[in-house]
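Okay, so chain A shows up in both of these, paired with chain B first and chain C after.
And now, the complex of A and B:
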């Protein structure tokens, strides 16, 4: 056998199958005949929906198997070393080959200083003499572009932002000078602006260090930015592989095309195209093509024989016998253009007037001394009017107060100041003070259906709650109405007797949508309702919400950190930073120029599934522990900051016309000129 | 009952459950099964070692140890089987209430709970027994009271965990009455924790009851009882070790069985927290 040289791939996975044995004694493969080669310095992306086996594959490359899994065949080698045989593997792991698992940043030990955690990684994986470790820690922190690395070593993880924590995790992985880095969803859960920063860092690391990277993600935009080569996984197998350009621009597999079509487009108000159905469970794959049940091009031959990877018409290789037809399938920008709603010019269905919300508890002392109430509440000055049938998109990063606003409308948190009215009638601040008839008209849909559906109730019981409470339905009438509601969210009546755990993520969220619409509400408040879902499922849920509100003229406040998703659904957009409105107006105006500097930063950071698209990093990646007491909320991160005035005076509201408002000390005309220049 | 089936699917759960069932069956059926009269004294048979007539030998009064061991758990089981549901019931009621109400009442009462829990159990029990006297009528409420206190903590923690979840917010936002939310949304989700807690409390109570009997504050002689039997045989360990062996084994298999069940239950419902809360 040859010693690791240029012709021995760094990571060589050959015909690898991994699986488990079910209770019934059937062998269920999770990975099937995977062949993947990663050469030195190469960046390879693994993409696919949840459950497609991408994380399992990344772990196997390290020689790890999740509990219960075993290798059914094939092998994994790192620089010639068999990673599935015990000897010598431990020396490679963490050193020459490092893994950054999902949420690695959040997984830092909270009670140990940053410097000590990195030093520990050095002790384990570095050959440097002990005396040099302290200097090396600072060097590593600088390498992942953390500001003031010298001062950072004494900080604790919670003092860092999510993006900074993720960088520390990367610095730890770099401690052993790895030849290859495996990253599992390294930016999932980070804000768009932060994600863009981390991706640029990874991209530069790969380019400058000659380190190979395997990047696992469901996010095609992130993969497009970092990876030169992409493998698309479906039901445990690689269905397409090629250069990023080949896979993203001219994909030859119907699944790859479907995935790309399901991503909302920032440029236009279009609904993304959903990919119906769901991936097969392990072991449930038939003889033929695993994608056949969801494939529009499937023909008889697809069902009988599983194809091999063959050269694709669009470049690369593909596992589809009809690839020639697949390359002609419609892709992005072919979703339906969303029709603008017509408003009758009547009053609003929901109005918020100068709402402020604070979580600060007033101590007894504060109450006695009559200390002023919270000077900088988490949410302040929120004024907006929602018209019947209209959708307002509420955009902002994590912690910007989006959920807080929805909760105060729903009466779950009493506002500190301000008032809310429902069709002109003032709403009591808290749920307990509101009539059931009033409560019926405003319904909430939550981010994560695993949290918002009671795991101990069947779908029938879940739907019975609003139907019983608001309409007094029971017995046969209740059942009939429940089946009707399920049909509206495209689920069959047989789901009624299931528990949430027996549904997929997308199906659960549809049940949550059905439960909200069961109340026949005037307003639905949607809190990140698609962020826990795969893009293909997200597209379906977005389409569903759009249909429902169109049919019933239900108004909607749609909260999301994803500008593409908001673009697909919203008539008007409100951009929020630290609980303050930065910009608001018709969607077309907010997504066009001029923009508030924060909106500009958000839009610049959006990733497109296109290898030629480069995000612009504008806002500084720092932690904010709360809104500043005075001045502009965005002052600490603003790239256009004017100076003293931004720190002292609240920015004025400039109305540009048609309800488009920007709150910034820079006049709109100046902003427009600066932003139009390249 | 998916939880029960999952609990029994674990070896520890199945073994523990078998132990407990066996003990319950013995307790119920022993009056018809025992070979001798439990209190029949036979001076000629003092400290007879195990033989064909007396399988487990006899004690210092010549009483059959097998008979007395089979009957010796009846009082303990009866008392704890009444006291355990009472303890879990009142503890859960208070704990859930505090978890929901929060605020000053919660702050104050939890301090009281901590204080009560900080006292050694034997001290608490003895104060009551010295004041009100021994006997089953005092022991049931006393055990139920003191063993309900740690349940408050568990029920409160479980409630806080569930209340923070979105399905509770969803129910609140819909405008259901608090009672309906507790019954339909909260209770089904804290029941698991309470079930595990109940099993744990039961085993602690059995130990406590036997310890009290051992100290002479529980069952009055000559009624057969494990704690009493262990106490009686203590002085004769050197000459008749079998007399202590049988009740010790009986008590420990029951306690171990319950602990296995509690452990398997906790795993089955995904509550693998450390199961060594103070009693």
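And now, the complex of A and C:
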């Protein structure tokens, strides 16, 4: 084996093509002519949407091909060692070159204790004497800032939270003292505050150890925070590469620009700019530029020649003939400002009065003995009024009870206390007790259209359900109405005879939206409806929901963990922590100052696709499995905690005007003063 | 954890108690009773009344059920209507014989099935996997009496290696069962191995494709250790329940095989008792089989609980 000098790149990928053979015998490339060099200590981001080949590329860099794939040409070298050769690759994997997987919860072996899994990496890749391994494991766990590392050693992976599992995976990767880390979407699926903490940890590791990092992500904010250099991937090829600043500030490729423009902005209620069309399927790429079919700037030449990576007007390199024109395409703050609706003084269309929900099932024994119900239900004290045509955003991290509130409105779980009314008429707690007319007026759209659409029904059959049930439509009238609904969600009538599997993720979610609006509802409940979608598709779905809201004045409760998405759509925002309302009010007021300390922490943790933006880590990164029995729900993580009163008394509701309410023991004026000072 | 175990135990006991009531009720619902069945044409007048009095059949059903249940708990299953001997003693010997047959089958079959299932799963669609899968389907679908007949023809008649039937007088020591037991064990092993093998194969395939196995590969863990340490503990979990069902099936009496090989086990005992309408024995056997099923499944649940840390810490009542 050669000893790599400074001139040999740590990771050198040259003209790499990877693909599979389809059933028809056609070779379909997944990666096409990839060239990428990572030098020692460099941090490189690989950015792209699902299907762009970025994860495949990261795995090939470790010499690992997903089942069915083979190398069509080119090579991968790590410090001079051929990673596709087989010999000597196992010694490098997990040692000099380590992977941090996307979903650590599934990537850690469930039947082996955490300490043993890290010790295994030490045994394989460390020169440390065996006797020192136990101490080293604890040291590694401490290095990734896990609390009580000594006690964690004997835990199993499932006993930890998602953020903790991710840290364990990082500790395991660090065991072999790697020269390079490959990170495959390491923070996807984590809460915003946890994500910010993990990213800071990775940044510090890169800076202190001189490790090179290849960071694979769809999240430009995360990449901006960690990477100095960025490569944008589309349809299996690198379409733009340059410094993070060049790519994020002055992107020269239409796709890169579109990707950035599609990210919602926190500061203003602006709809993100969607990217039309969908990426080509592997193997469906023609001779020309793979982005040309979706590109507004495409000209005849784009369809015939693919082009090479050439110096870009904005810096770096770009694979685009129209780069000079692309730099004038709209950017992130060019989306349309969201139009607010005028509300008349009339009553609300939906009202929640002091709703509390508990999932705890009372055992037979408890019911016989009449044992008291648990003191702290998962959701408590939720009072809301939704006006016609209004969108209320419910935000909070996982476990904040936001989806539970939706389920309770939809009647999927009966509330423990409190009442819900629909335009002044009390709603039965259970969906089975509600009559068809009431059911029609409240519709639910789910997070994942793959699971909410029946895979065996055509789109026509899916839409026929509400249309037949609520309006008794059939035959030609049914078909005409279905086509009308599809048109409203910007899908052609020819979609009627397709099955969900033949649609892209964004198209499926549009069908789910059409199904909800088929009922002509008064209230639509949206449960994380864009979190399973790519950012460009998300922008389109957000725009669609906003159009429907304006055209039909349908009221909406929009649940999301993404503060930017909520900002784009919501008139009013409710911030939840552990099932309790921390802050509520008009969106502009909630996103402005003063803020509840939890809102402050959430907003501080949001990442911007801007290399100069640094998140503020305010809330302690701990995981709570339930609300405290007394006092403020946020007391254990609060960075502005006053003291005893937070633990004993429920925080008072301070109204600051225009319905902006902060529930905190600190008076709003004090909060405002503290938050205005940097 | 302890609460969970106690919960399961209690549930098991309740199941057995319910089963006993259903068995008793079913036997009670049959036309005629043990005396009518045994005395047949003589089941009239004083003889019938005496018989009923001797067996206690003249008491109310509930009293008899409670008496029977209380006896069963203490190991007293009543007396056979046919021979008048205590059922516990008759059962004891048959149970011993069945345990021998089942034990040998398990001892051969389980390791074989585990080994072949894992190999088949690891070499998916390889030559060995195709042979095992095809052989497994054959072994499962060919009725036992056919495979038994073929084995007898080949190994005892044609080659003359082992006897085709088991010749053992009642009360004979276990040694008398050899070598006659070889062929019945072989037939049962074939059927059983096929079932377990297929479960393990598909579970190994699934686990080998999981994220954590891929992570272990990318961590540089040697292949043998990946299989042994990372994959198998998860992959073998589904097999536990299949093995438990197999054990219950073996202990519940493998009627056809016992009949073909003249093996004096529980299955033949059951058939003989039914033919003779010896209802107290049928009742006792049914209770025994029910208890075995509950017991074995309980053991499988507890074993899974022990091996899968994810189940163990599932907060009870959460």
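A few notes on this one:
Keep this in mind: the second predicted complex is superposed on the first by the 666 of 678 C-alpha atoms of A that agree within 3 Å, B and C clash if a C-alpha of one lies under 4 Å from a C-alpha of the other, contacts with A are read in each partner's own complex, and residues count from 1 in each chain.
Here is the rule we go by: a contact is a pair of C-beta atoms (placed from the backbone, for glycine too) under 8 Å apart; a residue touches a chain by one contact, two chains touch by 3 or more.
The shown structure was predicted, so the numbers you read here are calculated from the model rather than taken from an experiment.
Residue contacts after overlaying the shared chain place A:585 against neither chain B nor chain C. Contacts of A:431 after superposition on the shared chain: chain B is touched, whereas chain C is not.
In the superposition on chain A, no contact is made by A:178 with either chain B or chain C. Of the two partner chains placed by superposition, A:388 touches none, neither chain B nor chain C. When the two structures are aligned on the shared chain, A:92 is found in touch with chain C, with no touch to chain B. In the superposition on chain A, A:107 contacts chain C only, with no contact to chain B. On the chain A side of its complex with chain C, the touching residues are 59, 62, 64, 67, 90-95, 98-99, 101, 103, 106-112, 120-121, 124-125, 156, 158-159, 169, 172, 176, 360-361, 363. Note for the complex: chain A touches chain B at residues 407, 410-412, 431, 434, 436, 439-440, 442-444, 446-448, 451-457, 461, 465-466, 469-470, 515, 519. Listed in rising order, the residues of chain B touching chain A in the complex are 165-167, 169-176, 184-185, 188-189.
Here chain C touches chain A in the complex through residues 209-212, 214-222, 229-230, 233-234, 307-310, 313, 317-318, going by the rule given at the top.
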